[in-house]
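Listed below are the structures to be examined.
Two complexes come next, and they have one chain in common, chain A, joined by chain B in the first and chain C in the second.
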Partner chain A sequence: MTQAIFGLLFFVFLILPPVASLMESIMIIHMHMQMPLLVISGFLMAPFFQKKLPAFFEKWNQIGIPGIFLFIIIMSYWSIPRTMDDALTIQAVEIFKFISLPFLVGVPLRDSWAKISTVWKNITFIIFLILFTAMGILYIASPDQLCNNYLRTEQVTLGWGFITMAAAILIYLVQLLFINPADYE
Partner chain B sequence: MALAETIKTKANNALGVNPQDAKISKSYFTVTFLALLIGGTLGLVQGLNRAGLFELPSWLNYYQVLTAHGLLLILVFTAFFTIGYFYAGLSHTLGGLIPKVRKMVWIGFWMKIFGFVLAVIPILMNEASVMYTFYPPMAASPLFYFGLVFIVLGVWMAAFGAFVQVANWRKNHKGQHLPILSFFATGVFVLLFFSSIPVAIEVFMIIPWVLGWMETINVMLSRTLFWAFGHTLVNIWYLTAISVWYVIVPKVIGGRRFSDTLTRVVVILLVILNIPGGFHHQIIDPGISETIKYMHVFMSLAVGFPSLMTAYAMFSVFERTGRAKGAKGLFGFFKKLPWGDVRFLAPFIAMVAFIPAGAGGIVQTTNQLDQVVHNSLWIVGHFHLTLGMTVALTFFGVSYWLIPRISGRILTKKMNKMGVITTILWTIGMSFMAIAMHLVGLLGSPRRTSYTTYGDNATALGWDPYLIFLAIGGTFLIVAVIMQVYSAFHLMFRAPKGEEEFPIAEEEEDASKTPFWTERWSRTILIMLIVVAMAYVIPIVDFIGDPGSPPWKTW
Partner chain C sequence: MIKNWRNMVAITIVLAFGVGLFFFGTDGFQAFTAETARTKKLLEEKPQFPNVTLEDSKERVYSFSEFDGKYVFITFIYTACTDVCPQLEMNMNEVYEQIPKEFIGEDIIFLSISFDPEQDDPKTLEKYRGFFGSDGETWRMARIPNQEELDSLLNEFGVIVIPEDDGNFTHNSAFYLVNPDGYLEEVMDYTKIDEAAETVRAILDGTEE
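Up next, the complex of A and B:
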């Protein structure tokens, strides 16, 4: 439960207006730091919900697949450039961001990751590898400004952020080809 | 299984040290202490020169001495000790090195030696007085960089050897936790490997530039790549030192280890958080925005967190051990510690030195405070406390039991006494020097500058009394260096034959079970890579397209 309390405190810290506006002032920090940190806060809060609502998770996320789909869908939604503009200009979308990322991404991720098989885990990694590579190319190569609120130079930085994340995932997947964890555990 | 393990451990203990593995560590230690002797002597020369007491001969220039002193002590002394020590640890805790690994670490050894000889030639010829940071646009002779390439390749061989050894052990011991000392070794070699990638990229940027194939070099990018390595190297020493504090020191004082889980978490945190810390070495660099520098304060201070955990753990072990021996009162346990045992005294002083050293480090990572001390002698004072006290004294403490252990000899009472005196002399010398450097740095005396009075400027003359302390400290230190080098070789070749213990502390009897996720290195490395990517992508993208610089020879 300590974890859940820390998660909640962390969540409150992240949505404090000065913290949020500082993080949203730089494009890459908005997408690659604020958003993942919101997910992590939800990830930490997950045990609270798992403990209080076991029946709910049992009913809706028995084998973990629905949860991981929810995770992928919401994450994909937030990688669309337009959504960042919306979050900055429309208060309701900003609130949706603060709710969706912890509770519809972090919580189901924690619940599902323990339940799904290695194959599904790797599929998830591959989906994000493809998504991040594509987004990276889009953000770097696009001749236009994709977000009204951020300059094109910031967009290129974010693109490289995506590419480096994709590279890290790729390295992880490649090592799986050579190293079988079952040999060691 | 448990029985088989016990039998194996007993057999290991009875057979003692594998002579082939011992030879590896002994060779590494020989280089370590020769580097200490030469590097230490150059240090004295520098201290005397800087104090205005000694004029260098015309064929030797201050920056040459400084480059050699830095390279010998920052790179050779530390790297060779770390590798020798951890290979002894791997051999001891994992039941001997496998033949393939032995071959790899030997190849690594000779590659490093070869690379080092290549690098030293231009330094001696005054063609590479670029200091250990070799910042472009200062350009040394190409030979210097070729040497660096071989040093990096040699380090990689040692790292891969360790990975092969650990993977092999884990295959044969499924589901078991890696013995704690080997766990530290794995963390250190992971960091060594991943941090030397950026510096390798930097060197491969420099080589075509010094050969004239490329006209200019991106200075900011190369400095950033250097510090991604440089700062991590600092933390590799530190991680090596704390492996001694967590694993060896409790046994020496007759206690038990602090929580196994916490120890492993500290290693994992240091592996994940370290590489991005390099930015605080670039706080004064132009071309990185204030926001990024501000953010990196968090990254740097994040490394402070596991350090504070370590400080807590150490004093907790001291207190528990003292109380178990019947200590009373709040600080009674201090009296129960084995002050006369160099295996304890040296690492203990090292820990105490880390309190001001760590605090000074926090000053330097803070943007505003760093403005006052950057590029002054304060910085030099700081790393003489961290490397010169915390790391060096811990390494010396290890040498008094590890060298006799692998040489089939024992630490005699006499040598122990010699060690205690060395430790005290070293502490006095380094304290004089480091404190004086910190103070004179605050008064504005620059680092990396040959002696000058700036035309008898009053401020510059005001530094002189402090600089005299550098010479005094240096003199104490050279005595300690000679004693330490003598001890190391005496224990290797002359001490009475026998068997010295490899002191590895046990866990508490009621210790909670360590969770298995701590063994999942792929995941740790994935997180590390993501953190590195997050930290570096913004500034590096900012450097794209910056105008470059042609090579300069400033000396």
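Up next, the complex of A and C:
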């Protein structure tokens, strides 16, 4: 339960207006720091919900697939250039960001990850590998300024951030083929 | 499978939610960047061009209503800009060249508006004008000296200007066409010169008949 309390405190810290606006002032920090940290805060808060509503998770996320789908959908949504601009200019979208990332991504991810099979885990990694590679290419190669609130140089930086993450996922997936973790246990 | 009906329901709900989210977040899968959303909204709303006071490269001061009864082809620029503005103005020049001469000055006026009134005084604009084949009459370059008026215009037209550290600005660019009644008529992609010229010509031809 202490974990859930830390998660809550962390969440409150992240949505404090000065903290939020500082993180949102730099494009890559907005997308690759603030958003993942919000997910992590939800991840930490998950045990609270799992304890309070065990029947809900057991009934509606029994095999973990709905939760993983929700996780993938919301993450994809927040990687659209438009949504970052909207979060900065429309208050309701900003609030939706603060709610959706912890509670519709972090919480279901934690609940689902423990339930889904290795195959589904790898499928999830592959989906993000494709998504991040595509987004990286988009943000780096686009001749246009995709976000009205951010400069094009920041956009290229963000693109390389995506490529870096995609590379990390790729390395992880490739090592799965060659390394059997059981050999090291 | 019977036992898993809840999973199917949950998956369906999640997917439906996802489709709905993307649908509303992108104006029906049409606007994936804020810029396309902005253009789309502008064309739907067709706002009135605020009656701002302009000061042009010939140091003449007049309000926007000076152009009543004429179409006005507008771009937003600043002269210290090194990347997109010269491109924007060169493309504007090409559109200008493609419009039949009988319309120029009579039915349509070209206007480059600077959003950097501090640096872009009439003298600077006069010099800049020369680079792009603007004659200062049928294609004018002007600044809006009043910052409040400028801000309200940029806001109304959704032009977002981000000042950079080195005195430059980043901004979203487009061709704007304001109709003789002073309302926004078209927002055009500034990289598609022929398309823009064709659109403007068709509108001008329409007024002839």
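As a convention for this text, the second predicted complex is superposed on the first by the 181 of 185 C-alpha atoms of A that agree within 3 Å, B and C clash if a C-alpha of one lies under 4 Å from a C-alpha of the other, contacts with A are read in each partner's own complex, and residues count from 1 in each chain.
FYI, a residue touches a chain if its C-beta (ideal position, glycine included) is under 8 Å from a C-beta of that chain, and two chains touch if they have at least 3 such contacts.
The model shown is predicted, which means the values in this text are computed figures rather than measured ones.
With chain A as the common reference for superposition, the partners chain B and chain C occupy compatible, non-clashing space. When the two complexes are overlaid on their common chain A, residue A:Leu151 makes contact with chain C while staying clear of chain B. In the superposition on chain A, A:Ile137 contacts neither chain B nor chain C. In the superposition on chain A, contact is made by A:Ile171 with chain B only, not with chain C. Of the two partner chains placed by superposition, only chain B is touched by A:Pro181; chain C is not. When both complexes are overlaid on chain A, the residue A:Asp85 reaches chain C alone and has no touch with chain B.
Of the two partner chains placed by superposition, only chain C is touched by A:Ile65; chain B is not.
Smallest inter-chain Cα distance, chain B versus chain C, after superposition on the shared chain: 11 Å.
Touching of chain A by both chain B and chain C, each in its own complex, is seen for no residue at all. Remark: chain A residues 59-63, 65-66, 69-70, 73-74, 77, 80-83, 85-86, 89, 144-152 touch chain C in the complex.
Within the complex formed with chain A, the residues of chain B that make contact are 167, 170-171, 174-175, 291, 295, 516, 519-520, 522, 525-526, 529-530, 533-534, 536-538, 540-542. Within the complex formed with chain A, the chain C residues making contact are 4, 6-7, 9-11, 13-15, 17-18, 21-22, 25-26, 31-38, 160, 162, 164, 170, 172.
Residues 26, 28-29, 32-33, 156-157, 160-161, 164-165, 167-169, 171-172, 175-176, 179, 181, 183-185 of chain A are the ones touching chain B in the complex.
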